[in-house]
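The two complexes that follow have subunit A in common; it is paired with subunit B in the first and with subunit C in the second.
== the complex of A and B ==
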């Protein structure tokens, strides 16, 4: 490499050795993430190359966030292509300088209508939205009270904010009420929660959270990324499902899951709060505007889901059907109503082995274990899509049953599985 | 560099200080030394510069509580030790599991 200074070369060598050792530790702990290469568009069926260099295999995909099956929809692709032709490839600008096109404003208006709020602004991702929103709205005289299982993006955003950080036990409304009472001396209080929690697929008790927030004069913030587009009778999200449409102060969500699966996110809610984000949120001010191609695709997605509930209805039916198949086969599931269906295995190695064997059976799933989920709560998180047909799920359950029998986990609960495989 | 100077305070023979007693004595002396003898007074120049720029500046003694587990590290400050530990607890609860995307 030609470093002239032996001191520099020695330092670099020490740095490289340090990180090589850390990476090796990750491998030995079974925590090294390997990316599998997909050779097709996203869909219910994909072709996956794994390990690297192997011939791509045809698999049923049960682990994407493609909830409405629109990630590769021909009309969405066509609309994105038209967007490229009409509005170009990139804006080379942040929003407030020269990065706002008419289509950005149109998408914001349509998202506002979908979510039932007063205003919306786009961000490059929901991760960016969550990183910027708290710091833009709250200060050291305020408090953020977050559910302890909120997504990492909200934790990161809270850390960037100078307001007091507090938490309540997951979905424990009594504990939340204690915290709201404790913080009545603060200027503003904000309760922070996912709408649908990404690990277990459970829904936040938004009706009760809103009732508490109104009683104790607190704002409510919801990241509804795993719900927008399909939760609730018309797909507006968890707040519609829980009957509190119009009563959430700030909603963030993503365009990277049900709403097309490309990228992009937004902050939506009370007009003043959204405008403050437009004026102050750092990821909004200092990061490139969402590319026109993505905006055009997302506009078509909103058109498709706005005219009919067919897709969210099918997702709901698929979810009910898949749960029934797994339950009848004897798998241990977390209860829930969202299309996130965790198959509980409790033991990390078991989760990895089952995922590997399912891959061999033509089913693409990923095992999750500590530290991604709590220790002793390893699982395979299956996710349904409106793109799944009955034959996909029928084929998938065959594979699951075959592998389940191999590891003798059918009809077994946590205690029996842990007794056999450890925790 | 000047050599370290220490203050030694003999305790009565029959004294049996608890760890809390010793911590109280040490912390009190540290606070007195810190406030009375502030080294080069460089901090006063910074304070003045900030105030000249329009900042409102104040200093106070705080308790700092730290926790470390593997690669994870959290630190919290408070006016009392209870306050520092309460905040430290909340910080460790926030990111216990990062969740799945």
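== the complex of A and C ==
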């Protein structure tokens, strides 16, 4: 098949060449991401095909968001299967037309109870929730004041909103207070933060943020995707951990991490704010409803974690143990208390080389580098799961130490690693 | 011009340099390409300049190149104030 117009042919060729060059630049800069193909359900142990065409290898997985180990739990799978049988495969509708089933409402009520809020609505993903919530609630007379390290989904959502945008230095409450003072002339103020920051694993100082917000008459918005289900003594999230249950105006979170790992997200919070999202949030109005199978699986997850804290307790123990192993071995870690444990390597190529060598040692991790993290902040982000047993972590630290010695990074800090490998 | 650069430099240091960051920011230190200011946090810098110098910076002028150093920012402010940049 050919093109009739030489002008069109030339234009397409120019487009192709442009993007081929861009992709080549990424490869040369060491910034090209490759996917590996997994041949098993998600779990503490998986089989991975890499490179493409190679026989799948059995690996310990240290980089999933499967924090509670429920992504392939037989009861969750069985419940999802029952959901398919009882409520069908898809609704072929947005929520407000004919896309709301009784199980959607039931899941929203149960998420409201878990998060300690007044109401909840489901979205196809937390990315969609964050894309829609700011525009639905705020306008030109208002201001959004976000932590500088908020997740990309909030950055994108803020860009869609006409409210004034401002930012504060990461977790710097003095800087936040300056911004709140500066914006007292606005109609509404909203402070925006992650609960647990996805790249560093640190927690927002929600108790102090809430205190400031109350003093300066601001709403508080938290994306708690890396916390719902396991942070806090009963797994309600960062707000429980920080003693401010019931004082967060808007929480968004995902069903795609600890709460089953399939897909779906939600906006939860003050009744009026949630209702405004139901009426106005574009992803809610224009995107398909969450599939019944996902809802059924998520309902079972909430059942499983509602009656016992066993899984979140085990996750906490695994996190403490893994941090101790890495610290004693001499790795440079970001401090924190969440099950996100970044091993800092600073150099993008080094991060990829270490990840590749760990793969050969039977450990599945991925190097994180620009643009996912700032330049010069490359890392391997390890993540714990309640599905990990001590023997998994024991085997993993052996591999980490072997590779760490090969690259001479044990007992070294940023300055020494950057001196040797560059930034 | 030197006064202008000093005021902008003082703001950039106060607004963007985090505690524990020992980098020295000078008038020609790359801010955007150096990872000190990103497109997300750039909005407050634009707003500061507009408010401080009673100017409007058109979106077409709020480019990474124009915002990359204190010197280039000062030049931008001077150009806008002189009327060389259409609103």
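Here is the rule we go by: the second predicted complex is superposed on the first by the 423 of 423 C-alpha atoms of A that agree within 3 Å, B and C clash if a C-alpha of one lies under 4 Å from a C-alpha of the other, contacts with A are read in each partner's own complex, and residues count from 1 in each chain.
Just so we're on the same page, a residue touches a chain if its C-beta (ideal position, glycine included) is under 8 Å from a C-beta of that chain, and two chains touch if they have at least 3 such contacts.
Since we're looking at a predicted model, the values are computed, not measured.
Asks: Touch test for A:198: subunit B only (first), subunit C only (second), both, or neither?
Replies: First partner only.
Asks: When the two structures are overlaid on chain A, which partner does A:167 contact: first (subunit B), second (subunit C), both, or neither?
Replies: Touch partners of A:167: subunit B and subunit C.
Asks: Figure out whether A:207 sits in contact with subunit B (first) or subunit C (second), or with both, or with neither.
Replies: Neither partner.
Asks: Looking at A:376, would you say it contacts subunit B, subunit C, both, or neither? Reply first, second, both or neither.
Replies: Second partner only.
Asks: If we overlay the two complexes on their shared chain A, which of subunit B and subunit C does A:398 touch? Say first, second, both or neither.
Replies: After superposing on A, A:398 lies clear of both subunit B and subunit C.
Asks: Identify the partner contact of A:47: answer first if only subunit B is touched, second if only subunit C is, both if each is, neither if none is.
Replies: neither
Asks: Specify the partner with more touching residues on subunit A, choosing between subunit B and subunit C.
Replies: B
Asks: I'd like to check the shared interface: which positions of subunit A are touched by both subunit B and subunit C across the two complexes?
Replies: Residues 146, 148, 155, 164-167, 374 of subunit A touch both subunit B and subunit C.
Asks: Give every residue of subunit C touching subunit A within the complex, in rising order.
Replies: Touching subunit A: residues 16, 18-19, 35, 38, 40-41, 43-44, 47 of subunit C.
Asks: Going by the contact rule set out above, which residues of subunit A touch subunit B in the complex?
Replies: Subunit A residues touching subunit B: 65, 146, 148-152, 155, 158, 164-167, 197-199, 368, 370-374, 381.
Asks: Which stretch or stretches of subunit B touch subunit A in the complex?
Replies: Those residues of subunit B that touch subunit A are 87, 90-91, 93-101.
Asks: So in the complex, which bits of subunit A are touching subunit C?
Replies: Result: residues 146, 148, 155, 164-167, 169-170, 172, 374-376 of subunit A touch subunit C.
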